[in-house]
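Some structures are shown below for you to check.
Look at the two complexes coming up: chain A is in both, with chain B in one and chain C in the other.
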Partner chain A sequence: MNQRPHPSRADVMDVVTRSLRTIVAGQGRAVWLQESTSLTGTDTAVLDSLGMVMALVEVEQALQAAYGERIVVAGNDALFEDDGALATVGSFVDRICRLIESETA
Partner chain B sequence: MNIQQPRCTIIADFTAEPLANALLNDGLFPAIESVVAPLGPVQQSLMRLQTEQTQPKPDLVIVWSRPEATIPSFRALLRHERVEPDQLLDEVDQFVDLLLDAAEQAEYLFIPTWTIPYYRRGGLLSMHPEVGCNIALMRMNLRVAERLQSSPNAFQLDASRWLAAVGKNASNPKLWLMGKIAFGSEVLGEASADIKAGLCGLAGLSKKLVVLDLDDTLWGGIVGEVGWERLRLGGHDSIGEAHVELQEALKALTRTGVVLGIVSKNDEATALAAIDRHPEMVLRRTDFAGWRINWNDKAANLVDLADELNLGLDSVVFIDDSPAERARVREALPQVTVPDWPSDKLLYASRLTEMRLFDRGMITAEDLDRTDMYVADRERIAAKRSFPSMDEWLASLAIVVRAARLDETNLARAAQLFNKTNQLTLTTRRRSERELLQWSRQPEHDVFVFRVCDRFGDYGLTGLAGLEMNDDRARITDFVMSCRVMGRGVEETILHTIVARARDNGAGEVEAVYAPTDRNKPMLEFLENHSQLSPDGSGVRFTWDANQDYPSSPHVDLQIDCG
Partner chain C sequence: MNGTRSAGSLTIRRADPDDLPEVARLFRLVSERDYDLPTVERLVCGLDPQRYYVWLALTGGQAVGMTMMEPRTLQRDGQVLRAGYWTNLFVDPAYRTSTLYPRLPFAMFKGASEAGMDLVYAAVRRPRVAEAHLAIGMRQIARLPVLAKPIRPASLIAKHNNWGAWAKRLSRLPDAAYAGYLAVRRSPVSEDYSIEELPWDAAEVRRLVEIAGASASPRLRQLWSAELFRERFAYNSDGAPYTLVGAFRRRDLVAGAVYRMARRGKNICAGIVMEAVYEDGEEQAVQGALAEIERRAHAAGADVVLCLPGWDERSPEIFRGLGYMTSPESYVLMRRSTAEATRDLPLDDASAWRFGFADHDAF
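Right after this comes the complex of A and B.
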């Protein structure tokens, strides 16, 4: 059976921005998403806590559909990790890439 | 209800903000602004709704609960405890009592059916009569459905269909555990679309006429080239079966009050021969309210056909396999709904049934007979040609108008006529069944309904008039008529009846104040040019001296079934 390829950082960025756009549009807003866009914890953040939950699950489902079931984004204490990983779009993407690396190491 | 801006309250025992977002932002009509009740047991919010009696009432209340949180015995079943079936249904009944109370506090109440929680899979015992959770849930949903029958404004929506449509991502334990979100966003999208389709249907916006192309739409092949004998229709042929499946789906629609028409570029005699003679045709000539089969522009034909059937273009759906014809109609007639149609014929029937264009809250006797009424109309028009004058033709019809008071027996159809009529209506008021009946029962109000028949058949309940007494003046609050009986003396008969009623109530004058919309010009045309009411110069107010009989039509036999 063919092993599905691992996503590159650009692939992850694409999945994350598409998922975020869907969630933000669902809240009746449109935002320009870039690496530095604040996700949570600031006045300009694009997501509230509910939106963050939906984003974690949406991104995980999209990555699993495209790249396989082993990629876990919304596991365990994902929401409560106080390492700034969910602060911006870029840090969120980096965190997912680290998770994928550790999974495949 | 103002369908442009409906006000909604969502009561749920899970985080319902994503549903509120979908209702507001999914891009479908109408955008629904919602108030989400505090998260918690739905019974509490239902009781609060009853206590607070918010005015004005919300247009829609959605009560979406999880069965394990609402019915303690079901929760026990999930834990594999033994539960008495009567106890389970008693708890359901208590819950439905609250729902019925809530229905009094809203124009409409929508209740998605209960679904099995994500963490409970099927298994051999799931349908066991004593311990099965799935069979218990079916009984519970059925009990709710049966008991809600007593409420004309409460509707159960099939949530299991939404979950099935979405599949694997219908729910996710992570959404639940981290955010108390019971269903994935795609489920909420399906729910939102169904809720809006239902609301539009209740507001009289469901589509009334499906206009069909023939070649490679209703049947496979081009009848003018291959002859009706060689069309692909039925038989041991997947494409032939797909066309039969589409015809069966269309036939089913006609039993809900939707009428069918044909607009096709063909030789009429050749096409009608196929309809009459092909043994696998499900739809026959009598299933079509009308047709335009010729070589003219389809958009022009469509306008002509809708006009003949007295239906507005915004109630028309046009189905054609040709992208070019669809594009032409879309461009020429933006009011007409022209769905994208699959190039794969095997998907025709499923495409038709997945469109949320034909929802309705009830099916009346008139709905069942609607196509027959149009067929009878065709016969009337054909007979008209043999009479030298309009008067002689009208006299030959032997029209009978039966007037009756609004009551429970005629309420469903009366409300349908009241809420769906856009052209021949004085004020275009919209009221739910309950509101209409309540209004009619106030001492200063009268509402009459009018059934019309002639020697060709029964038109059904096709007229309604409301009257409000104010000292010695009577005001016609509502004058609503189906266009199908226009110009046959029924209008005059209705005015005759309500003027007589106003006089009996002590009125010296009857007034009708026309409320213009972009659709009800035909009513103004009647008031100004065909009625004998006196205009007061304002352009919208017309009066009649109630001491005089309003002249009834000599061609109509009026029978009054009420005091």
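Right after this comes the complex of A and C.
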């Protein structure tokens, strides 16, 4: 059986930025995203906490659709305990990559 | 402001009675209503650990978020479940981009499980909040439509559209004509019945609770006693009294309904049907009680009467027969199991629950 390859960090970055843009666009806004873009905890954060949760669901679904990766993001309480994990786009991408690694290890 | 308002430096813990001033302050901050300390103390049962659960997010001794849960006992066909009803989630607006949501509800779910509760449940009106709650692990049971009967339609439209005082004055004439039309259209209650207000200490309250229990036996519902029923309708955050209207066939109480008045956004005045119960085959009796509520709500200045008739399969039709229509509002009823025993119970269907505004009293 052919297994789909695990996504690279660049792939995850692509999924995360597309998911964030989808949620932000749903609020009638556009946003420029880069590794250092603030996700939570600041006035410049791109989403409020409800929007953030919805973005995490988008990421979950996009990863499953594109790569068959079943990881729990929005319902993962540990993710929110680690404040740094959702601080920026880059830290979030790193955390998702680690989740994928731990799921497949 | 800079990045100092993240959730990282916060502690989340169960509130105790010493936290009442901070809980009250957050109530005022988020609700923009002038709740005094005694009001909040009564709302949260003095933070008595057995009667109310609040989890606080604190930084430097100051509360910046809280989530609240009321313990309830549910029953269906003899099976008793310990549940927590998720009543409120408040986050200081300055922390809107923090991860307080969903950290607070996660702490609540864990706390409910540790307290031996079988499930946490909630009814959520705002679609975005409902969507987020489902994303973090609540499971949708049903979408319950709110039924509405405009009784001052012109005033309701004027207020809804913010047309101002001139429109309100102009609405009096068409609303008076409409009230006349409603009075003519309203079917007179059969002479077999008498409709009357009951004081809360009346002995008939016990009978009403029995009727409610019998009619809902296949559905999961709050386990009431006469004392708990009275306690439930003793107080609300608006300070509006609850009124109990009974319908008697000769001397026997066969149906009843509870209502209260509420002031909603845009100064819309609503009569709220909190509860309606009736013996099998006594639909006409409960219709008589509801018609009385409509008359009283009109006399109290209501623009509309609202209900959430999730009591049994016949309730929506009873209300539609009285002229109630589906409103644009609905509630998503949802639950999360916090014990293994309830994970696979067949509860994810509206017909498995008896649920109305008596269960969710926030307008």
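Note that in this section the second predicted complex is superposed on the first by the 99 of 105 C-alpha atoms of A that agree within 3 Å, B and C clash if a C-alpha of one lies under 4 Å from a C-alpha of the other, contacts with A are read in each partner's own complex, and residues count from 1 in each chain.
Note that in this section contacts are C-beta pairs under 8 Å (C-beta built on N, C-alpha and C of every residue); 3 or more make two chains touch, one makes a residue touch a chain.
This is a predicted model, so every value here is computed, not measured.
With both complexes brought onto chain A, simultaneous placement of chain B and chain C is prevented by a clash. Once the two complexes are overlaid on the shared chain, A:T42 sits against chain C while remaining clear of chain B. By the touch criterion stated above, A:M54 is placed in contact with chain B and with chain C alike. Within the superposed three-chain model, A:A74 lies in touch with chain B and with chain C [touch as defined at top].
Of the two partners chain B and chain C, more residues of chain A are touched by C. In the superposed pair of complexes, A:A25 makes contact with chain B only, with no contact to chain C.
In the superposed pair of complexes, A:Q34 makes contact with neither chain B nor chain C. By the touch criterion defined above, A:S8 reaches neither chain B nor chain C. Comparing the two interfaces of chain A, the one with chain B and the one with chain C have residues 49-50, 53-54, 56-57, 74-75 in common.
Against chain B, in their complex, chain A makes its touches with residues 22-23, 25-28, 49-50, 53-54, 56-58, 60-61, 74-75, 78-79.
On the chain B side of its complex with chain A, the touching residues are 15, 17-18, 21-22, 24-26, 169, 172, 174-175, 178-179, 181, 184-185. Residues 1-3, 5-8, 91, 96-103, 106, 110, 128-129, 131-132, 135-137 of chain C are the ones that touch chain A when the two sit in their complex. Within the complex formed with chain C, the chain A residues making contact are 38, 40-43, 45, 47-50, 52-54, 56-57, 74-75, 77, 80-81, 83-84, 86-87.
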